[in-house]
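Next come two complexes, and both contain chain A; in the first it sits with chain B, in the second with chain C.
Take a look at the complex of A and B:
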């Protein structure tokens, strides 16, 4: 009996110490959760519902996403070796266009939002890098595993890649872009990007 | 009483092996005078401290390697030919050191804005270079695909996403209890048949938009969604033997049990598998395993990418897997190789499509090169399933 109660106290003590430690609480998860909660609250806000509010809603969502996504890092990793050959202006333009492409892709998904839940499973940390594993649970109880790769900059963690069911977004686009650049040219890629982004 | 005795013996053995051993005693064990004065156990420990003390490999400075090992008589051998190394030593090397160390590439900043790359070659030798061009081809491909950025530390093994250094270690130690991953998987799948595959991609694309999708949409209007889910459950339940056997082949006994219980529960409570109470009531998830994954677990790479007409993305490995799985597929035994077989499969395909209309459209809409996007998504998702 005494042995058991001793253990109970030890567990209580460890959990108190553990909770007090910010790294245990999971900074990347906390910050990611903050952003996702914000987006969900925008999407479930009755004042912003309906197609007539689409513009304002998208603007707010994009704003929330921008706070958590490191667009430069995402673009850098997507272009890979081709990044270093681009001038400052070209990089800026690419970041803008690629961001627009992703925004356009996810706008439709976001418009379809109907109370899906996000469960935060765990995180793995390594210095300035972290991986946050989450699950989206749809209304029909289907589970989609989504993994966020994050990098720390100052006090904040920024997303630089998303994997959905093991398919990394960055890898997928990198292979596409690389194939286009290798077979034609970087300017051809930009032309295609522009066409895609302007076509609604 | 027993314990002190063992302690004394332990100390004795330690002392016998330690460098504190008197020189005079040492001379006793040289092969010429061996056999005089030392107890048999101690002698064995001395001469033969670790029977396979491993093969150490270093560059010979002329582009080859020097292999050194200690044989069972305690003699050191150095040779520049791997063929002269006894099979036993080589086998040991292959099993342990090589499988652990081969596929790693580490990058660290060189302090001048570039990177230093350290990798282990096939012979187990470490190399460090600051030039991408000097890396072996399999790593070169990783690097040019942008795995690391200049001035960034990290490590990769081919086939994995780039991960920072310590993270890689943490994940490796976590995964060590699970199955071994294939040592030499590339990051993207080889596609020498690209022109043909692209032509088939175009064919499949038209087939989907002109024939399959309209039929699936019509079917969707006739059948309410819950019914279509039931049909999917039925076919999925019928496919249990394939999943169960592959769980066994991969040594996943627990998953095998899950599949068995699922089959029994769903066939009875779930009325021939139309319902899925195993998941809804008992929270037993379907174990998505197939022969392609089993082969992948054994370290067999995907080979080349094959885009089959109608069936879609596959690889050499997964095609072999599909053929193997067909031998366990009950549909082939119930219906037999008749045209009804094709009809049943066609119906299953339409039912499946009716539940996922929009997914292919989304992928196409989000990509600049849908062919490459689909190929990569297929490859990444297969790699992910194999690792699970």
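Take a look at the complex of A and C:
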């Protein structure tokens, strides 16, 4: 009898401690936060500062991003209905080029990092899909709303779309690429992407 | 006999006139009489910015459906859309609220995705893009300049 009640108390205590975890954050937020914290620590690492370390820094950032971003899903969604008409090799090349394009576009922004803070606002789950709302707070206390759309694959959550101030990255490129493909051809799009990526 | 013919003719004209009026008011009021054709899906936007029931839904600029109803759901706008049966929406399609011209009427644009799965009747278009708040953009710009 004694032992039974002791056990009951132990269970209650454990569950209180477990639930008492102060964070409301679920899996997607936690995993996303892990990646963002990693990137911030790379960017604020004094050993990696300065233009002479740019290459190494970019490599590390890209590596951290690759862990959390599902490039295939992003590319598939961006090409939309044109995706199914592409061969395996074409898809692979598109994923590579599009990744490079985004890297190039955002590298300068990342290089400009100077202690901006990221606040995690909330998270909405819907089965294997999740949305994480965050805010980037700049030094001038300006707020930029950034929303991550994530999808669960196995135990991990991967980002498949980002909305900055309500404008979706995928929707933007989907419209652009679609109009290029419809106007000329897929090969024209690849040619343009290659030119853009190689022009440093 | 002649009198009867005249009355009949007037009656027929009257009925024809009433029918025309009914037809016009249904057409202009964009009402649906014989039940709903097509199917319904919904989407949740963080800001519906002036979208109204009856606003058009377009794909590639072609009007394919209309907004049926907008309600508040957990402080977000839940928009019900009516679409014809032959227009299938892929699961990864994106619904965005756009403005005709700079300050014109609001409408929903659906950019088709590449998924082989389609949104079921009553289902949800998961990815949305809210109305771009021009004032907010301007104020961001203004505050940045300070």
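Odds and ends about this structure:
Note that the second predicted complex is superposed on the first by the 176 of 200 C-alpha atoms of A that agree within 3 Å, B and C clash if a C-alpha of one lies under 4 Å from a C-alpha of the other, contacts with A are read in each partner's own complex, and residues count from 1 in each chain.
Operating definition for what follows: a contact is a pair of C-beta atoms (placed from the backbone, for glycine too) under 8 Å apart; a residue touches a chain by one contact, two chains touch by 3 or more.
If you're wondering where the values come from, they're calculated on a predicted model, not measured in any experiment.
With the two structures aligned on chain A, chain B clashes with chain C. In the superposition on chain A, contact of A:165 is made with both chain B and chain C. Judged by the touch definition given at the top, the superposed model places A:126 against both chain B and chain C. When the two complexes are overlaid on their common chain A, residue A:105 makes contact with chain B while staying clear of chain C. In the superposed model, A:142 makes contact with chain C only, not with chain B. Taking chain A as the reference, the larger set of touched residues comes from B, when chain B and chain C are compared.
Legend: residue contacts after superposition of the two complexes on their common chain; A:193 is shown touching chain B, with no touch to chain C. By the touch criterion defined above, A:174 reaches both chain B and chain C. Residue contacts after overlaying the shared chain place A:81 against chain B and chain C alike.
Across the two superposed structures, the residue set of chain A contacted by chain B and also by chain C is 76-77, 79-81, 83-84, 126, 129, 149, 161, 163, 165-168, 171, 174-175, 178.
Only residues 76-77, 79-84, 126, 129, 140, 142, 149, 161, 163, 165-168, 170-171, 174-175, 178 of chain A touch chain C when the two sit together in their complex. In the complex of the two chains, the chain A residues touching chain B come out as 76-81, 83-84, 101, 105, 108, 124-129, 131, 141, 149, 161, 163, 165-168, 171-172, 174-180, 189, 192-193, 196. For chain C in complex with chain A, the residues that touch the partner chain are 46-47, 90, 92, 94, 96, 111-114, 116, 126-127, 129-133, 136-137, 140, 143-144, 146.
Contact residues of chain B toward chain A in the complex are 143-147, 149-150, 161, 163-167, 170-171, 187-188, 280, 362, 365-369, 372-373, 375-377, 380-381, 383-385, 387.
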